Structure formats: C-alpha cells, structure tokens
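In this document, chain identifiers A, B, C and D correspond to the written order of the chains, with residue numbering beginning at 1 in each.
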Amino acid sequence: MLLRMRNIHKVFGKVSVLNGVDLQLERGQLLGLVGENGAGKSTLMNILGGLFVPTEGTMTLDENLFAPTSPNEALQAGIAFVHQELNLFPNLSVMENLFISGFPKKRFLGLSLIDQKSAREKAKELLSIVGLNVSEKVKVGQLTAAQQQLLEITKILSRSPRIIIFDEPTTSLTRHEAEKLFQLIERLQSEGIGIIYISHNLEDVMSLADEIMVLRDGNCVRQENQNAFTLPKLIKDMVGRDLETYFPQRDVTPLREKCLEVSQVGAEVVHDVSFSIRKKEVLGLYGLVGAGRSEMARLLYGLDVMQKGTIHWNGQKIQQPSPEKWVQEGVAFLTENRREEGLMIQQSIARNIQLAGLPNYTTPLQTVRFRDLDSDVEQQARANKIKYNNLKDQSVATLSGGNQQKTVLAKWLMIAPKLLILDEPTKGIDIGARHDIYSLVNDLVKKGSSILLISSEIEELIGLCDRILVMGEGRIRDEFHKAAFDRSAILEAALHGKENQTLAT
Amino acid sequence: MKRFYTCQGLILVMVVLALACKRPKGRTTIGISFETLQTEYWVASSDALKAACEENGLDYLEAIANGDANRQFEQVNNFISRGVDGIVIAPKDAHTVIPVIKAANRAEIPIVIYNRLPAPNKGSYTTIVADNYEITKQTVRYLGDLARASGKQYKAMILIGDLGDTNAVLRREGFNDAILEYEDVIDVVAEVPTEWNQEKALAGVTNALQANPDIGLIFSSSDFLFPSVISALKNAGKYHPIGHEGHVLLGGFDGDAMAYQLLRSNYLDADGVQNVYYECDLAIQAILDILNGKEVDSVLVDPGFVIHQENLEEMAPKMWGANLEVP
Amino acid sequence: MKQIQHSGLQWVSNNSTLLLFAVAIALFGILSPAFLSFQNAFNILVQAAALGILATGMTFVLLTAGIDLSVGSIMFLAGVISGKMVVDGAPLWWAGLVVVVIGLEFGCLNALLIYRLKVIPFIVTLATFYVGRGLGLFISDTRAINLPESFLTLGSGKVLGIPLPVILLFFVITLAHLVLTRTTFGKHIYAVGHDPEKARKAGISVNRILLGVYVICGFCAALGGLVAIAQLGAVSPTFGLQSEFMAIAAAILGGVSLFGGRGNVFPGTLIGVLLIQTIQNGLVMVNADPYLYPLITAAVIFLVVGIDSLQNQRREKAKRLGLK
Amino acid sequence: MVKIANSESTFVVLLCLGYYLVMTIIAPGFFTVNNSINLLFNLLPLLIISIGQTYVLLTAGIDLSVTAIVAVASVVGGFMMSSDTVWFHNEFTTLFLGILGMLVVGVLIGAINGWAVAKFAMPAFMVTLTTMMLFSGFAIWLTQSQNLYNLPESFVEMHYTYFLGIPVPLYIALFVVLLAYFLLNRTIFGEWIYAVGANKKTARISGVSVSKTLIGVYVFSGFCAAVGAILYTARLETGSPVMGQNILLDVIGAVVIGGTSLFGGKGTIQGTFFGALFMTLLDNSLNLLNLSFFIIMMVKGMVILGAAILNTVVERSLKTG
C-alpha cells in the first residue's frame, strides 16, 4: 500500500469539515475523488499536501508514518500537487520556470551564475519526457493552457514524485488536449506513481479511475472499484438524494413573449451566437470550459467589446451594451468569480447589497434616501437567509462562501431584475446554501423574471431549466427542451458537437 | 488598549523632545529669518547677525525657509506668536516679503529687511541693502577696460539670478549698462538664467559654451555659481589663469571665499564685494534704534567696493570671503 | 494584408520608446548638425550616467512591484556627508566608501520596514525620503558644499579616452543585466514581482529578495549621487530633488511595469534614460526655451505610458480569453 | 468617543488632543490668540487640499499633481487679477473672474488626470506624476519664473476680512468641508466612490459608472487644490509658479494619518480633518520650539511611518483576533 489515510478529521474553528475519512492508494493506481463543492475534497488533499495538519487521524506512506507540517515537507516525501491554478510564472521562460526552485550553477568571476548550458540541456531532456514540444527559451505566458499544464507536470516530474494529485486538470483544456493528458497520466501510472484525480467531469473519472471515492459533507460515502459505479448512482452518492427532490419544484411555464433576442453576436472567441429568452423562462447554457459561455455572457453584458451582431431587449435594439445600461433596464449579471467581480470583499454586507440598487433610491438631487434603502437592504438580507451579525459593520470577507454568494444575489434582487444572468452560481457552495439559491431563483421566475443560467453541472441545469443550450468552441451546438433532457446527449453535444460528430475521430 | 499605550508612548516621546529644546530667556529677542543658507554669503550674514546680537546682549531665534516663501511667512508668524521684539529677514524676493511686513506691522514689531529691497508698499520697515547696481557696474567696467586694453573682440556671457529678486535684476541692469559703454569690444551672446541654482547654472553654461565656443568674458551675478562656471569651462578646455592666451575674463559678485581664492590663484579678474559685517551691524543697530524710539531711514545703503588683481592686497582685509576658511 | 498592418502597428506600440528615441535623434540631428557629433554623443552619455545608475537601481525595485521614493534623498545625504568629509580632509576613497555604506543602510532600512512591518513601499520610502533629506539638510545646515578639485577630476577623468562616468554607467548596467538574466537572484526577482504568493510556494524567500532589491537600489542611488556631484563640484540643498521621479520615469519609459515582473535593465531602462537625456541635450542644442524642457519631457513620458497602458489592456484581455 | 469620529479615526483624534495639551504646556506662545489664528490659517489650505486627495485615495488612486495645480492656479489667478496686467477694470469683476479662472484651472487639470486614469486605464501614479511635471513646468514657463504681484486689495486682505466675526477663509473652508462631507456621505456619487475604490470590477458590473466616478474624484481633487491655491495666493499676496511645491508630504501624510487606506475604499472626511489638524499642529508647535524645518521634516516623515505601522498592526490584530 503506497498511501493510507486513516480516520482523518479536520475542524476549522467550530466547523467540522472532515469527519473521519479513510483513503487507500496503491502504487500505479488512479483514485478518482469526487464530491460536491464543499464536500471536503480540497481539505483532504491539502492535508496530504502538508498545507493543513489534521485535527485527528494518521497517514502512512509506504507503511511509514507520514505527518507533513509544510508543503515543502510533503514535496520532499514525494507528494506533488497539480493545482487548478498553476504555479507558473508567465513572465519567465520555460527553462526558468522548470528550475525556479533550484538552478544548476557555475561560478564566474566570483559570481554564482546560472549554468545556462546544463540548464538548457536538462530542460530539453525533461520536456522530451512528457512530450512537450516547445523551446525552453519561450516565455510561459505564450504557451497554451495545455502546454502550461504539461510544463507544471514536467516540473513535478523533475522531483521524482511518488503520488501526484490532479485537481480539475482538464478545466482549461480542449478535448483533444485532455485526451493527451490522459495518455500521459496512464504512462505515469505504469511507472508506479500513484495518482489522485479530482474532477467534476464524472465521465472522465469513470473512464480513468481504477477506484472511485465519493465524499459528501466531510464523510467518505464509498471507496470502491470503478466497476461498481454507474453514473446515476455516482451522482446520487454525491448529492445524497435523487435529483428530483434536490431541486425545488417550480410550476411556471414560460410565456411566448421574448425578452431578450441575440443574433449573430461575435468577438474573439465567440462566433455568430444567436438565441432568445422568453419571459418567465429559465434558459440553461452548458459547455465545457473554454466553450465560450462566460465570454458570450460578458459580451452581452458589455464587459467586452462586441465586434458584430445585434441585441434586442423587449424589442428595442441595444446600442453598445454596457453594465450601466443593463442595470437601468433591470438586467443583472452574477459573475463566475464572486471575489473579484461580485463582491467588495472588505466592505460591509449592507454596502454590498445596496450597490446595484442605489440609483433607485436617489432623490432628484442625487442624494440617497438612506432610510428607505437601509430597511429594504435589511429585508432583502433576511429574505436571502444571509447569516450575519451586523449588516453595516461586518465585512463580507467574514462570511462563508454560500453567504457571500447570497449577498451577491441579494444585491441583484434589489433591482428586481427582469433578466438575471447567473454564471456558475453554485461554485464552491455548500448544499444548504445551494438549495436556498435555487429557491430564490424559482421565486424570481414566479414573479415574472427570466433567467440565463450558465453552469458546468449538467444536473443543476436539468434540475432548474426549461431549455438548455450547449456551447462549444464559441458556437451554439445544440438545443434541448425540457421534455428531451438527456444527460449523456447534452454531454455528447458539448464534447463533440452535432455538426462535428462525423468529423470527430 | 494597545492603541492607548501607543498614544501614551508617542506623547512621551514628544515631551522628551520638547524638553530637550532650549527655552528662551527673558531678554530682548530678535527673530532672524533667512530665505536660504545655500550660499556662503547668507551663511556669513547669518553668522555676522548672530555675532552682532551677542555683542549687543540680545537673544535670537533663527529660522531658515529653504527657498519657500510660504514657509518663511509661516516662520515669521511663529516668531510673532512667540513674542519676539524685533525681526530681521532676508526675504525670498521683493514681493513675498510684503505680507510679512504687514504681519509685523500689525503686531507692532520692528522689522528690518536684509539685503533685498522690497517692492513698493505701504508698510513701515527698514531695508539694509548693498548698492547692487553700482557695484556691478564698477566691476564690469573693470573687465571692460581689460578687454579694451587687450585689443581683441570679446563675446560675453552673463549668469543671471532669480529675476524675482531685485538684486538679480539690478545686477543684470548694472551689467548691461556697463557693457553699453564697451559695445565696440564686447558683444553679449548669452544670458544664462540660473534662478540661483547651481545645477541650472552648470547646464546653462555648458550649453552656452557648446553653442558659442569662443566666449571670452563671463560675469556671474553671484560668486556661489563659480563652481558651476569652472566645471563647465574645464570641460570645454577653456579654464586658464590670467596671462594665458586662452584666459576667459571672469567677474563675480558677493566677495566670498571662493572668489578670494580665485583672485589669489590668478583666475578671477574682478569681484564686486558687499560688506557683510557693515550690513549686519546696521541691521541690528536699526532695530535697537527703533526699539529706543529713534527715527531710522527706510533704506540704509552699503556702498561696497570692487576688488581686482591690482588692489587685491589693499582691499583683501575688507573682503569678508578673505577672512573665511577656504573650503 | 490586414494581419500585417495589424502586427506592424503592434510593433510600433511595442517599441514606442525606441521609436521615439530614433525620432528624437533624427529631429535634433536635422535641426542642429552639431547634435550628431561624436563629442555630443559622449556628452549625452556623461550627462546620462548619474540618472542611468539611479534608474538601474530603481528597475530592480520596480520589478518586485515596489517603489523607492527615497533615492533622491539618499543621493543628497550621501553627497552631503561625503562632501563634508572631503572638505574636512578625509581621503577620497574613504568618503566614497562612506557614501556606499549610507546607500546600503538606507536600502536595508527601507526593506526592513517593508517586509518586517508590512508597510507598503510607497509610504515607507516617502517617509525615508523626508527623513533622509531632513538629515542631509541638518548636517549641511542647508548650506551648499563646494567640493575640492579632486572630486571634479573624478567626474571629468578619462580612461582610454572614455570618460569615467560613462565607464561606471556601463559597468553598473552590465552587472545589473548579468544579475537579472544570469543569476538565481535575478530570476527570483521576476518571480516575486509576478506574484509573491506563488513565489513563496515555489520555495523562494520573498523577504530576502525584497531586502536585496532595496539594498541594490540604495547602493545605486548613492553611487549615482557620487557621479553627479563629481560632475557638479558642489552639493546644493536642492541636489537630488525629484531625481526619484526621473528615475522612475526612465525605467517606465524603458518598458518596466509599475506592477512588477516585467522589464529589463538592458536594453529597457538604458534606452529610457538615453531618451530622456537625448531630449534634454537636444533641446539645448537647438536652443529651445529652457522652460520648455520639463514640459516636453513630461509630454513624452505621458505618451509612452499611455501607449503602454493601452497595450496592457489588450494583453490582459488576451490573457483572460486565453489567446496569444 | 461620540459620533464625531468612528473607530478608525479615534486614534488620530486622541493624538491631536493629547498633542495639543502637551504643547500648550511646553511650547512658548502656543496657547495664544495670535497663534491660534495662525494655526487656523495654516490648517485651512492643507485641509482643503487633503480632502480632495482623500477622494482620490478612496478610489485607490493617488493625485501627485496637486502641487502643480496649486502652482498653475496661483499663476493664472495672478495673471488675471494683478494690476500689472490689467485685464479687467472693475475690482469686483477682476476678483470674480480671477477666482473663477483659478477654479477652472483646477477642474481642468483634474479632468485631464481623471480622463487618463479612467479611459486609458493608466496607473494614477504615472498619470499624476507626469501631469505634475508638465504643469509645474507649465506654470514656470508661463511666468518665466517670475512672480505676479499687485493683486487686488480685497483679495489679499481676505484673511483679515471678517464677516459676522469670522474670517472669510473659514467660510471657504467650511463650504468645501461640508460639500465634501455631503457628497461623500449623502449622495450616490459618494457611495460609488467607495465602491470603485473597494473593487473596480464589481462596481462596473453592478452598473456603477466607473469612469464618471473616477473623473469626478480627480476633478474634485483639482477643485480643492485650486481653492487651496486661492488661500495660499491671497495670504502671500503673490501669484507664484512654485507655490505649494513642498506640500505633497503634508497632504498625503494628513490623509494617511487620518486613516484613509492607499488601497482604496476606506477613509472618512472626519479622519482627514484630524489628520490635517495634526500635521499643522506638528509644524506649528515644533516651529515654536525653534526647531528648524528640516528637523520638522524628519519628525513628520517618522510620524507618517509610525501611523502607517500602527495601522497595519491594528489591521493585523483585527484579522487574527
């Protein structure tokens, strides 16, 4: 047994994140680790990677007791972590990135210089092992996402690891690139390296893994051979209940009337996208990362410059869309990255909630009617079930991810949006908060609003939407209506596309 | 709580700092305010004023504004707040001193303006000033005579000071008027604005020499600009002693130690000298007179003199720069 | 065709400083033939030496996304102390040593305050800027210090016909270039400048890097000050005022980013310095109104920074969209 | 502490109070009517300019060009009002247009700053650094380094003109402070300033007009600097191209000591008021103790550093505790 984690507990403050998890990994084995966001996957891996010390529990590596206290120690022991965010410096060259933690040196006039020649040779050698075919002099910023990923793996391989943890390695890769990565992973396995593979793409996990471990709410639901799983079963294990009960019911049917019509919209990575949203409709948008979903939404919302195409809002053509105009029209956009684009993290909860709605609370003199505003903000905060101590003095940074997301949502609900664009609204949020958010969305639709829901989780889309569009390579590839929702068909469309099916090899 | 202690600590530091400062005694106190101590001339003046105070049994406070008229105004206001009995000020320029005069008048404290004539105003004050125009004219005349005697044609350059300063203006006028008398041999080709700044002077002279390599006469409106002039001359390969055929005629104004040394080492031809000791004694005396209820003229003039190679031995004892240590 | 035009435009905006440099040389050359003389080229280099050394030090700091506003004060303080010492009869080498020590000490102080007490570089160096200048004025009593001959010979001395300041400038730039491109320390500077958190994860001691760059900057400031006073022959109370801004401007012109991680000393900063000095010199040669110098210099900097910002916006967007 | 100061500015209020008491005891001539008036007149321009700077810092920007704005405004005012240039013959017209001209200059330079920061996304530090160089050079070029004198009597006597027993500059400062307080705390513009400073991207997506807000704060800073220039020019009875060239530290120091963060989104007008008061107290009292300006300079530098260190210590202890 290469690695054994026994009865791992981890408590942060009063919150228990892991309650006695066991994990085993053999040499050359690939363990798929799945679970919802907040299930404890990253905490578990961070314990293995030496970032956290477990509150309780032991680990053994090759039957020796293993208790790393720092990432460095874990690295020394042969545990390598390929994070979703790569630890590369785009302003340095490939070779420099490979050796950033220790260059080969030579002495010259009393100065300790980098031995360029041997560094270059070593770099070439390492690159050829993983089959990364780029010059070692090129700046990393100029590589594609896939090449960067390979480089990160190269860096790790140069330290001869025994276990490699992959955290969502395919999110920024095209399908073709992902397939190549899988081949590399297989090769690593054959060299006896143990792999832990974390992904939301359950199909990938099913096809790659020898064993699969499902985490839910900090507990290990199951660790079994992958043969023992089927996709629906896996989902049920992850979510903890059937999808039907997980997503609250909504008895609203979309009206015929369209509120938003988009035609032939295009820019750098979005090509000729046309679609429309009806009033009281929840339209889902599915696609793999890099499919251009978020980019399309940003284009619509005027965050990037639209190079072609037209947008009609309630029959009116919108010239040069901008967030300012959209907010005035009652269109809201909850973006993917909450911290950077959704919140003012150091500011109070009240300031965050009131931001978008401010123009509705001004007098002709541009002064703010604070009394009305404050009471409405408080009402909204309560309606959104945000858990807070003090609305005006507590910064949102002190809230949990779920409550932060509810705060962003509250901000948008303050303008009573006619159309709400949600980009990955439940990323990194625990199940309870998810449920609250789903309910809020349903309530909004009941009141007459429309929703454009972008998500990487097919279950979420199936559970909430009236219609799902599938995007790939910047185009809309397929459309599914509620009656014809089919998980594998949607995924298939995202992976290969309707038109491309015959071309795909 | 932590913050409280920090406050306490800060206050304690301030107390110690404050106690370390001198407390004034009950004697008559003069506030001395200098725009700058940048040049030796001001340094010598400051020393001479303080010496004069001590001779007369007076206390003094000194403030230096480092070229900032606003700061100088605030410093004088602080003198007034502290209740000084008289103020001697070497002002930034002719106009910014007017509100200072007004403030002193309002507080009914006698004020003496040292070395720079204020612009016309209604305030009551006494000015001690050297006859800049006349001294400059005499100095330049001496250079002109030398030029004419050599029989050659000369191209001339003048380094002018801050034109907001009456002294600079008068010295420039003195130079120009004197040159008019020597139009036949001297042609002014460059006027370098220095704003009383050595770096600007260096750049200006270097560039003027690059543009007109045959400049043969340089007049500096103040001696403290000589290092810049010499540095530029050296770079241009034109720095030679008197008697050498490539010698550039040099004239200056102030009479500082550098000028004295240059005279002694045969590089400087003539220098207009202001009599610092005389001026400072006048200043302090004026204040004492006003305090004692005597009438004092509104302008007291220091006639000054020109020192050159021929009267060097004779006049050196009267030149303040000759009595300083050579840097 | 469109593609070619596009990349041509890109090249222009990528090399705006170099282009402006060429334009400036051509323009001044046409207006004043004397400008293109060999002698004048040396003049520009000599006049650029002090600023060049200063800007080289500043580049190190800027590369870590820091800033050092105290360099002008370090120059001044070092000048005052060494000047006083030499005037009082200390040997030249001893004064030079003291200058260097002052520069190093100030750099240490800045770095310590920044990484120990976690105060941002802007505030720390603003404070040391005032403390340094105040100290210098205190020691000099706000008087100008005229230096003896020996100092001037240092400034106008030549080795093999090349002026000493120019030799010093090229020595400093070569060394800095070597450090940035050929040593682990140099690579770590870029890493820290890009993202200190990532750098820490990569096992780099961020504190040591910060200490290093501020010490280098302090050292360069002192050295630059020495070169400047050796040419001036005097230290006036205004010596070094706004030098920090000129050094920052030169580095930025040379393509160094205020946000760290991007830029180099050679050719970057050197070109920036030469551009500024060429403009100054050229304006003199064409006998422009001296009051226009700062206006033109500022306008050029504004232009380059503006172009760079537009570039940067495009870069950011491309990065976000995963394009090249 | 009552509502006069929130928790962030308690420190600086205490500091001012304690310092004032200590100086009353030890600094000769400190606690006198004359000096109190002095203090007030020294405080007003600094306060006004610092308030403008507070707006800019709240959006995570910086305005280094305030010194140049003071200089250009002073020069332009001098040109328009000096009897040497005689532009207008009626004293009232002269005064009115002169002051208007100064304000317009401030607003214009501010607009240039704001425009470059907002539309080109240029770093505020570089923008205002270059405009500082440009416009201080411009002021010197305009006047060829000469000062402008002979301003109208009613203008230069401003500090000694009383209305209802209160000197005119106090009304001006009061107006600016109240305006600034009102804009920041009562209007949507104020809320937007905090939002832009806290997170530009979030603000933009939430429908905040980021460019208008940014241009607005730089314009306001320019306006405040111009008002400061009016007071400086009147007091010195001179339009000078080097007016205010030494006040940058005092301005930034006052704002930072007042608890405003250089990273934006945090700070108050009250804090800046006490920050400016402290800087003025420091200057005045050390001056009265006959310390020279360069010692005061060092003390100020250290005080700013101390305030910044304290700020980070407090913030860190808030985070961990």
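In this text, a residue touches a chain if its C-beta (ideal position, glycine included) is under 8 Å from a C-beta of that chain, and two chains touch if they have at least 3 such contacts.
This is a predicted model, so every value here is computed, not measured.
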item: Those chains which touch subunit C and also touch subunit B; value: D
item: Length of the line joining the C-alpha centres of subunit A and subunit B, rounded to whole Å; value: 73
item: Subunit A and subunit C, separation of their C-alpha mean positions in angstrom; value: 43
item: For subunit B paired with subunit D, centre-to-centre distance based on mean C-alpha positions, whole Å; value: 34
item: Residue numbers of subunit D (touch at least two other chains); value: 144-145, 292-294, 313
item: Subunit C: positions in contact with at least two other chains; value: 137, 142
item: Touching two or more other chains - residues of subunit B; value: 64, 66, 193
item: Which pairs of chains touch, using the document's own definition; value: A-C, A-D, B-C, B-D, C-D
item: Footprint of subunit A on subunit C - complex, ascending; value: 178, 182-184, 187-188, 190-191, 193-195, 198-199, 201-204, 261-262, 317, 319, 321-324
item: Residue ranges of subunit C in contact with subunit D within the complex; value: 67, 113, 117-120, 122-124, 126-131, 133-138, 142, 245, 248-249, 252, 258-259, 289, 291-295, 297-299, 301-302, 305-306, 309-310, 312-313
item: Subunit C-touching residues of subunit D, taken from the complex the two chains share; value: 116, 120-123, 125-127, 129-131, 133-134, 136-138, 140-141, 144-145, 249, 252, 256, 262, 292-298, 300-302, 304-305, 308-309, 312-313, 316
item: Partner subunit D, residues of subunit B touching it in the complex; value: 2-3, 6-7, 10-11, 14-15, 17-19, 21-24, 61-66, 68-71, 73-75, 77-78, 80-83, 93, 95-96, 98-99, 107, 119, 162-164, 193, 195
item: Interfacial residue positions of subunit A with respect to subunit C in the complex; value: 71-72, 87-92, 96, 100-103, 105, 111-114, 116, 141-142, 144-145, 172, 268-269, 290, 295, 304
